[in-house]
Every structure is written in C-alpha cells, then in structure tokens.
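After the structure tokens below, expect a handful of questions from me.
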Amino acid sequence: MPLIVSITGSPTANSRTLALAAQIGRELRQRDFEVQSINVRDLPGDDLLHANVESAPLREAFSLVERADAVVLSTPLYKASYTGVLKSFLDLLPQFGLAGKVVLPLATGGTLSHVLALDYGFRPVLQSLGAQHVVGGLFVLDKLIERQTDGSIVLEAEIQKRLDLVIEDFVQSVRRRLVALPS
Amino acid sequence: MPLIVSITGSPTANSRTLALAAQIGRELRQRDFEVQSINVRDLPGDDLLHANVESAPLREAFSLVERADAVVLSTPLYKASYTGVLKSFLDLLPQFGLAGKVVLPLATGGTLSHVLALDYGFRPVLQSLGAQHVVGGLFVLDKLIERQTDGSIVLEAEIQKRLDLVIEDFVQSVRRRLVALPS
Amino acid sequence: MPLIVSITGSPTANSRTLALAAQIGRELRQRDFEVQSINVRDLPGDDLLHANVESAPLREAFSLVERADAVVLSTPLYKASYTGVLKSFLDLLPQFGLAGKVVLPLATGGTLSHVLALDYGFRPVLQSLGAQHVVGGLFVLDKLIERQTDGSIVLEAEIQKRLDLVIEDFVQSVRRRLVALPS
Amino acid sequence: MPLIVSITGSPTANSRTLALAAQIGRELRQRDFEVQSINVRDLPGDDLLHANVESAPLREAFSLVERADAVVLSTPLYKASYTGVLKSFLDLLPQFGLAGKVVLPLATGGTLSHVLALDYGFRPVLQSLGAQHVVGGLFVLDKLIERQTDGSIVLEAEIQKRLDLVIEDFVQSVRRRLVALPS
C-alpha cells in the first residue's frame, strides 16, 4: 500500500490546521493509502532549533518522509508565509528530500489576501527539495472550518467541494507515479 | 543613542552567519548606535515551537525589537529560503512588529544560485511585518568568509566593499528616519 | 521642483488603473511635485517587443525616468502578477535604472486573493532595478473605484484613507531623500 | 500524436533562448510529439499591448495553446524575472488557459544569481493559469550555449546532461497524463 506522510506545522495545539490535516488523512486512508502523521510541534524544540539531526525522534520522522510516496504539507499562514515551525523541519531534510515524491501543499489563514503565499512563498521551497510534482494546493479560510465536538471538522460546502477536487487530483497524481510506463 | 537590534537565525552554534552579524554589530557601534543581539537558537526551543509568547526570554526579546529603531536580520539560506529558526521568531512578533523600523536583511549561503531568496522570499515577510524601509540587503557566499582565531572574520575584499556600501546606506536610512522633516 | 514620473501598465484604454494613477498624479502636483506620465500602451508596441531602444518615443520615456527623483508604478494584476505591458517597458531600462529613486508600487485587481503579487512578484523586480526605497504600496479592488462622468474617480472611503496614508509616506520618503544629512 | 506548443519570449531576433527552444523542439519531435512554435515577438506588438484578442494572429496562437497537451515556455531573465514580452502573451490567455496541461519552464540568463526567478517568479504565474503539472525547469547560462554556423547550438556537456534529464522527466509526465488510469 502506498505511503503518504502528512506533516503539519502549526505551533498551536489542537489547531484548525491539524484538524484539517487529520480529516484529509482519513479520506486518504479510505482510498487505500497508508497515512502516517508528523506534527512538528510534537518534536523536541531544541533538537529542531539546533539542527540536532541525530536526535531519535527526528531520525524517525526523517525516515518516514524518506519512505513516503507522497507528502501532504499543512501550515497556517503567518506573516504572509508558511510557519517557521514547518520550515525548521524541512530545513533538516536532505537537500533533495522530496525527490520523486508527489506533494500536496495546504494552508489555513484568516485573510484571503494571503492566498498567494502558497504559490509564491511555499512552492519554491518544495521545488528546492526536489519534489517530483507539487500538485495544485488549497487555501482554507479559518472561518470556513467548523469544529465538531468529536474533534472532527465540517467545512463550508463550497470549500469542501474544492478540497474534494484537490484530493482527487492528488490521488490521481500519486497513482500515475506508481504506474509503470510502457518503455 | 538609536537602538539597532541584530537578530540571527542560524541553527548551528558559532555559525558564519553569527560571526558576520557580530562583525556588523561592531561596525554599527563604532558609528554611535547601541546594538543588542538576539540569537534565536539561544531562545527556548519549545517556547518558540509552541508559540509560548509569555515565556520570559521571549518577552525580553520581543521588548528589544519593539524598542529598536532599526533591525538587522541575518540568516543562512536553507532550501532556497530563510531558516525556519528565524521565521519561528518572526512568527511570534505582533502583526506589524517592524512598523516604523528600518530593516537590513543579510544572508549567507553556499551557492550564488540562491541569491534571489532574499528579495523573493524574505522581503515579502518583512513587508508583511510593516517594516518602514527594507534597505538593499546582501548575500555573502560562505567561502568568502574567513574565520580568524580570535572569532572575528575577514571577508574577501570585493564583498567587504559591497558590505561597506550596504551598511552606509542602512546607516543613512536610519538617520534619515530620525531627522525631523520641516512641516 | 522634484520630478515624479508615473508609469502605468494597463493594456486597456481608459482603464481604472490609469484613472487611479491620474488621480494620484493630481494629488502629488498639489504637494509641489512636478509629475510626468508614461502610459506604456501609448508607446510603439513593436519597439517594445523588439527591444528597439533607439526608438524616439522610448528614448524620451527612458530620459524621463532617468531624471525622476521618484517613480509611481501602476499595474492591474493579471495571472497573479504585474502586466507584461509594464514589464516590457521596465525590461528596457538600464540595469540599475531605478537607482537612487523612491518607488511607489500600486496595483488594481478583481480579487483580494492576488494582493501578495505586489510584494512577492513585483517588489523583487524593483529591487533588481536598484530602487533606493520601495515604499509600502497599495492594492485597490476594482469595485472600490467608481468612475465619475468627468473621468475622475471616487474611491470607497476606507481605501481612500489607506491611499492617503500611502501617499503621505511616499511624499515623506521622497523629501527625506532630498534632505542633506549632517556629515 | 500529442501536441506540444513551444512559446518563446525573447525580444531579440535570433536569440539564444529561441535557439535553445528550437533544439528542444527537435528533440521532442524525435520522440513522437507534434511540436508547434510561437515566438511572441513575431506577433503584432500593438495587438499584444492593447489586448486586442480578436486579432487573427493572436487568435491563431491562442488556438494552438488551447489544443496543446503540453507547453514549453522559454524566456531570458531580465530584471530578475521573465520578460514582459512573454508575459504580455500569457496575460491574454483565458484565466485557466493552461488547465490540464503539462508545462516545462526554461530560462536563459547571464548570471547564476537569477536562477530562482524561475521558481519564485515564473512558477506562480503558471499555477495561476491552472497548469496541471509544472515539471522541474532549467536555467541555462548564456555562456554555456554555443551557436553553430547552421543556426543550431551546442551546450556545454554538463548542462546538456541536465537538459536531457529535464526533457526525459517532461516527456514522461506528458505520457503519464495521456495514460488512462484504471478506475
């Protein structure tokens, strides 16, 4: 079963970003992918800040990424860009740590005016990491994410439709990667 | 005496980036500025990663930035962008935490091909923080920075000249900020 | 009297962008600046597309920019960026054609989600041209620009206030440039 | 036979960029693609600058792009970004004029320090146009392109190897697009 690793970079516990990533993880599992999650704030802070790449929790996380066929990256937008929390993890990956992988970038934020941070700010970092295919991502306004008492979320209908399309395109791109082309 | 705060975002101890920032700090002191330094990796990692903005060391750092007339921001370039370490600190500043301030962005890196990360990647974050004037920055190739036994550095002659011009322009921009205009 | 050159890059005649630039020009004249305008679409298209820099109309336009103390650059946002029309003119300026100048970037557009194109897309080009100070710019939603029968425009009240602040900051930055610093 | 359209945006006649695009076109034809070319500077300048989308030569060019399975976009880098010539054409495409298409971005330039203009500056425009997959592009230093008397070019060996890899990845991505996935 192909492995998808979902990496979340919000500094707040129980963030909307994490809930969104979890929901997408559930949908991907239903479509016959193995999904493993890394919440960067759960890794040891000083190891990340000091680039202590031999730290056991970091090594385990790096190993997950290395084995992944595809990666979902979820971040809130702060100061018109991805979070330092997420980037502090990506910084420690090997130079081409996303080589051969399909990547889905997702962002949450409080204002529509930061949408382009995904394509202008984040995508170049993912290209630098050698991602094989960064599919079209999605920005979700915080207020369109409604939390349920069981921890799950409900998205406003229109954005849920767009998310479905984004996931469909991502899944197809991952599957195409795994198909052998006639030589 | 006007206050300049120098913030460095390298995850490695005794980095070239830190040595470069220290040298610039010395030059600014000689030009009658008070210079205070923040090395983000010396702040508590978990406080940064968990957005624990009430942490005493973070509050002290934020207070320095708030009081600054100008800020020097120094970062190595990782994955074609500023470090997560530096961004994790900037993320916790108030929304317009650089309002009214003159800002000098500096980067070090191993390849000339990442130069534009300063203008394309970093500058938009500084604008988002409301910086009054982000002056022309400088990218310094690692190999042009030669460490001395006393911890200081010597820059290759041509890049030292360019740094002198950048500092001169920065100093003039800070001074212009402090001059009262005839109304 | 200091000279400000206002360059507009909309491909459509009588565009909102042009009307906005004209209004700002009037306000700057009232504040004792000479204002000259370049509407790129009025220049000979083939000269621009063929980099015919000896063309008389282009040389006249380049000369205006060279003499300018400050430049206002206005563009609609197309495909999440400044227009090709505007860039085709900037491409033919000397390598550091904005050196020593204060620059005000303005954009109009149909969706708030393109705001960051100014800071992420346009500002790096202006830095590359050596601009001394690119002040904080402004994005104006098309629908907040109401045309009057006399060709002038009325802006929605809130955006007019923000424009006033942007112009005030620009004017002060230009004036600071022209003040001799005590040596 | 799948159709690839090659669009070149250099303002100079017989540019290295055009010669590079032509060479890639020949290689793609040998791999069983139909290749059609658009050299934007050959289109009527005033039609581009005035957004005269009903112009016959423009309509013909738009129609080619619409029919294309994949697009190669080649530009010299001016002022740290793609040319205005190229953008003035892209500006007139429909909002999602690259939807469903695989896109290969290529740039030429005089300095390695502008490499990131591809990922930071150009790629966001291509995403905005709805490109299905923007594959990894290539920047080629002018001096690594040697013209032959017959108009063809010879690339320095190392960059030719990298170009071969880029073309191979592009070709595979186009072919994957055309394979029917098992539903």
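Residue numbering begins at 1 within each chain, and the chains themselves are lettered A, B, C and D in the order written.
Keep in mind that, in the parts below, contacts are C-beta pairs under 8 Å (C-beta built on N, C-alpha and C of every residue); 3 or more make two chains touch, one makes a residue touch a chain.
Being a predicted model, the structure only gives us computed values, none of them experimental.
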item	value
Far-end chain from chain D, centres as C-alpha averages	B
More contacts between chains, A-B or A-D	A-B
Where chain A and chain B are represented by their mean Cα positions, the distance between them in whole Å	29
Interchain centroid distance [CA atoms averaged], chain A/chain C, Å	38
Junction residues of chain D - those touching two or more other chains	80, 116, 119-121, 124, 127-128
Touching residues (chain side chain C, partner chain A) in the complex	80, 111-117, 119-121, 139
Complex contacts: residues of chain D adjacent to chain A	116, 119-120, 123-124, 127-128, 130, 132-136, 169, 172-173, 175-177, 179, 181
Chain D - residues contacting chain C, complex	11-13, 40-41, 43-51, 78-91, 93, 120-121, 124-125, 127-129
